[in-house]
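Have a look at this one.
Labels run A, B and C following the written order; every chain starts at residue 1.
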Amino acid sequence: MSEPLLQAVNLECERDERLLFQNLSFSVMPGTVTRIEGPNGTGKTTLLRILAGLNDAWSGELLWCGEPRAWHRESFLRNMLYLGHRPGIKPLLTPMENLRALMAGRRTVSDDILSQALAGTGLAGFENVPCRNLSAGQQRRVALARLLIADEPLWLLDEVFTAIDADGVKAIEELLQQRAAEGGAVLVTTHHDLQLPGMKRITLGGGQSYEC
Amino acid sequence: MWQWFHKLGSPKWFYGIANRLMPWLLAGGLIVLLAGLVWGLAFAPKDYLQGNSYRIIFIHVPAAFLAQSIYIMMAVAAVVTLVWRMKLADVFVKAIAPVGLVLTFLSLFTGAVWGKPTWGTWWVWDARLTSMLILLFLYGGAIALDRAINDEKSAARAVAVLVLVGVVNIPIIKYSVDWWNTLHQPATFKLTEKPSMPMEMWVPLLLSVLGLYLLFGWLACLRMKTEILLREQRTRWVRELVLAGRK
Amino acid sequence: MNAESRPALKPVESAIGPVQAMVAVFMRDVRVAFRQRQDLLNPLLFFIMVVTLFPLGVSPEVAFLKQSGAGILWVAALLSVLLSLDHLFRHDFDDGTLEQLILQPQPLFLLILAKTLAHWILTGLPLVLLTPVLGIMVHLDGNSVAILCLTLLIGTPVLSLIGAIGAALTLGLRSAGVLLSLLIIPLYIPVLIFGTGTVAAAAEGAPVAGYLALMGAFLVLALTLAPFAAAAALRISMSNS
């Protein structure tokens, strides 16, 4: 059995005087897709933001490769990709400029690879159209193009299927599976009925449980 | 050492300590403050320049003094909030900020009342008054920010950052206001440059400052207790406390 | 650690250096701003209008304007910067790019410094460039205008830097604009005092090098401390959203 990439130990989070979850422990293993599920308002997005390091209001322990995540902030961020339900796309910039800006602080990627990624999400020909002229689904696809060039082993994806058409959903499902097969770890929250072979689940709300 | 530190952070522990401390603080504060005020207002000698009007100093100075030190206390607690995330520090800042605001206002008000007979006008853009006015703004900002954020932990941390930024700025503000004052008002009448105060004025002044500090301690405990009960209302110890029918 | 059991982690060194990341953040903000040029003009128009209010509202007499001109321009510039601060993080917050900025494997305070610098280039600097024109309209003499421009040149970045803390603290709150002003105006007072005081001293023929050096010290202090405070504030606001 390999070593977990990310480990949560007794996570607890309280928001606006409401306890979202407590004693939540799980491990994220390489080569797995994990779905975080639960009714609305049970803290799926909050959990994902905590794991990504966007939300500091939690207690418990988070281990990155067996050591406290806080010790390795830059290493963690370098190896983690987070897509929130706000797509992270500037409406005034073109898909190409957006992608470049998103990659800028991480690593150098040539424009060829970026336009291939955009083409891979069905945005060929839209590279230089300002994003505000694109549809909501197309804007999300710009953000999703990052998945095609991602080298980060850990993916945290929040509501990744929103506003995506049926073909797109299938493509993403395949991408996630392929990613797991390559040894990456993926955590997703979604209202879409995601069923992948071998998928793990973390269930929040009333019957809080996990099988990891 | 760390265990002690941890214990200090526990609201329940503080609640017990506060209960035992408060009667002493209240009694001591009232006695010392009354002694200082009665002595100052009724028995201390008249000022040879200002006559009786100077006697407001026995309220003005303690209020101004405490108003400034409360901000410093908030800054110290802010460091504790940000570094150790101690709940009690959050509660402390939230509980004493309005007290600081009221005392700052009181010192401004008594300053204005004092200004009328001394300068012949209610308000003078004097360096000290202006500094206190800015301090009032700083308190107001901290309280407004605290009110604007729903989540109490986030609110406490945001206020802590603001208070620390404020405390770094206070010496700069004070220095620049002093400079501004000399630039625009060549010193006409300065309270600081009076001949040194006689002993009979000093002692009652000191007593009123001390008394107000003790009373502040009592008020801080009281406000913190209320805040703790609000925040911990779902915990067992608070329920038991309420069921037991004690205060 | 068992290296084969998981995809190799990318070492941090393989990432892009902080300076390059800062340049990218700066360039992106400038590019976005130039796609929406009207927003660049707004603070300038506001600046001109506030200055116009004084001769109309108080007195158009040359003596009054000569004496108060520097102060009026400074206050107008301060309000104008204050007004533009709300945008510093808000759009990025709304569209999610701020999340991605925080998650860059870079020191956050440096990225914020880059953003603040872009903010100053886009709002503070144009105000300084416009000052000579308005200075003449309020009958300031040449020397005063020059000193005024110099104080604004040193002072407006301080306004942007301190303002970034307030903008980060009030991010995502209701009525953030007014709250931002409440938090920030008291902190602006020293810069305002020395900005206008320096011009007044120059008008009286006093040497101003010392005052300018002091304002420079404010700038250095703000440059070194404000980005840290803004970064801390940003993380807190992010946790709360």
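Here is the rule we go by: contacts are C-beta pairs under 8 Å (C-beta built on N, C-alpha and C of every residue); 3 or more make two chains touch, one makes a residue touch a chain.
Bear in mind that the values here come from a model prediction, so they are computed numbers and not experimental data.
Peer 1: May I ask you to sort the chain touch graph into line, ring, star, complete or other?
Peer 2: Topology of touching chains reads as complete, every chain touching all others.
Peer 1: From the Cα centroids, identify the chain that ends up most central relative to all protein Cα atoms.
Peer 2: C
Peer 1: Can you tell me which chain pair comes out on top for contact count?
Peer 2: Maximum number of inter-chain contact pairs occurs for A-C.
Peer 1: Comparing centres built from CA atoms, which chain ends up most distant from chain A?
Peer 2: The most distant chain relative to chain A turns out to be B.
Peer 1: Need the CA-centroid distance for the pair chain A / chain C, whole Å please.
Peer 2: 34
Peer 1: Rounded to a whole Å, what is the gap between the Cα centroids of chain A and chain B?
Peer 2: 48
Peer 1: At which residue positions does chain A touch at least two other chains?
Peer 2: Residues 57 of chain A touch two or more partner chains.
Peer 1: If you look at chain B, which of its residues touch at least two other chains?
Peer 2: 150-151, 154
Peer 1: Where does chain C touch two or more other chains at once, residue-wise?
Peer 2: Touching at least two other chains: 236, 239-240.
Peer 1: Going by the contact rule set out above, which residues of chain C touch chain A in the complex?
Peer 2: Counting only chain C, the residues touching chain A are 1-2, 5-12, 14-16, 20-21, 24-25, 28, 31-32, 35-36, 91, 94-97, 99-106, 111, 235-236, 238-240.
Peer 1: Which residues of chain C touch chain B in their complex?
Peer 2: 162, 165, 169-170, 173-175, 179, 182-183, 185-187, 189-190, 193-194, 197, 200-201, 218, 225, 229, 232-233, 236-237, 239-240
Peer 1: How about chain B: which of its residues touch chain A in the complex?
Peer 2: Per the touch definition, chain B meets chain A at residues 150-154.
Peer 1: Given the complex with chain B, which residues does chain A contribute to the contact?
Peer 2: 14-17, 57
Peer 1: Considering only the defined contacts, which chain B positions touch chain C in the complex?
Peer 2: Residue positions touching the partner: 82, 134, 137-138, 140-141, 144-145, 148-151, 154, 157-158, 161-162, 164-166, 168-169, 172-173, 175-177, 179-180, 183.
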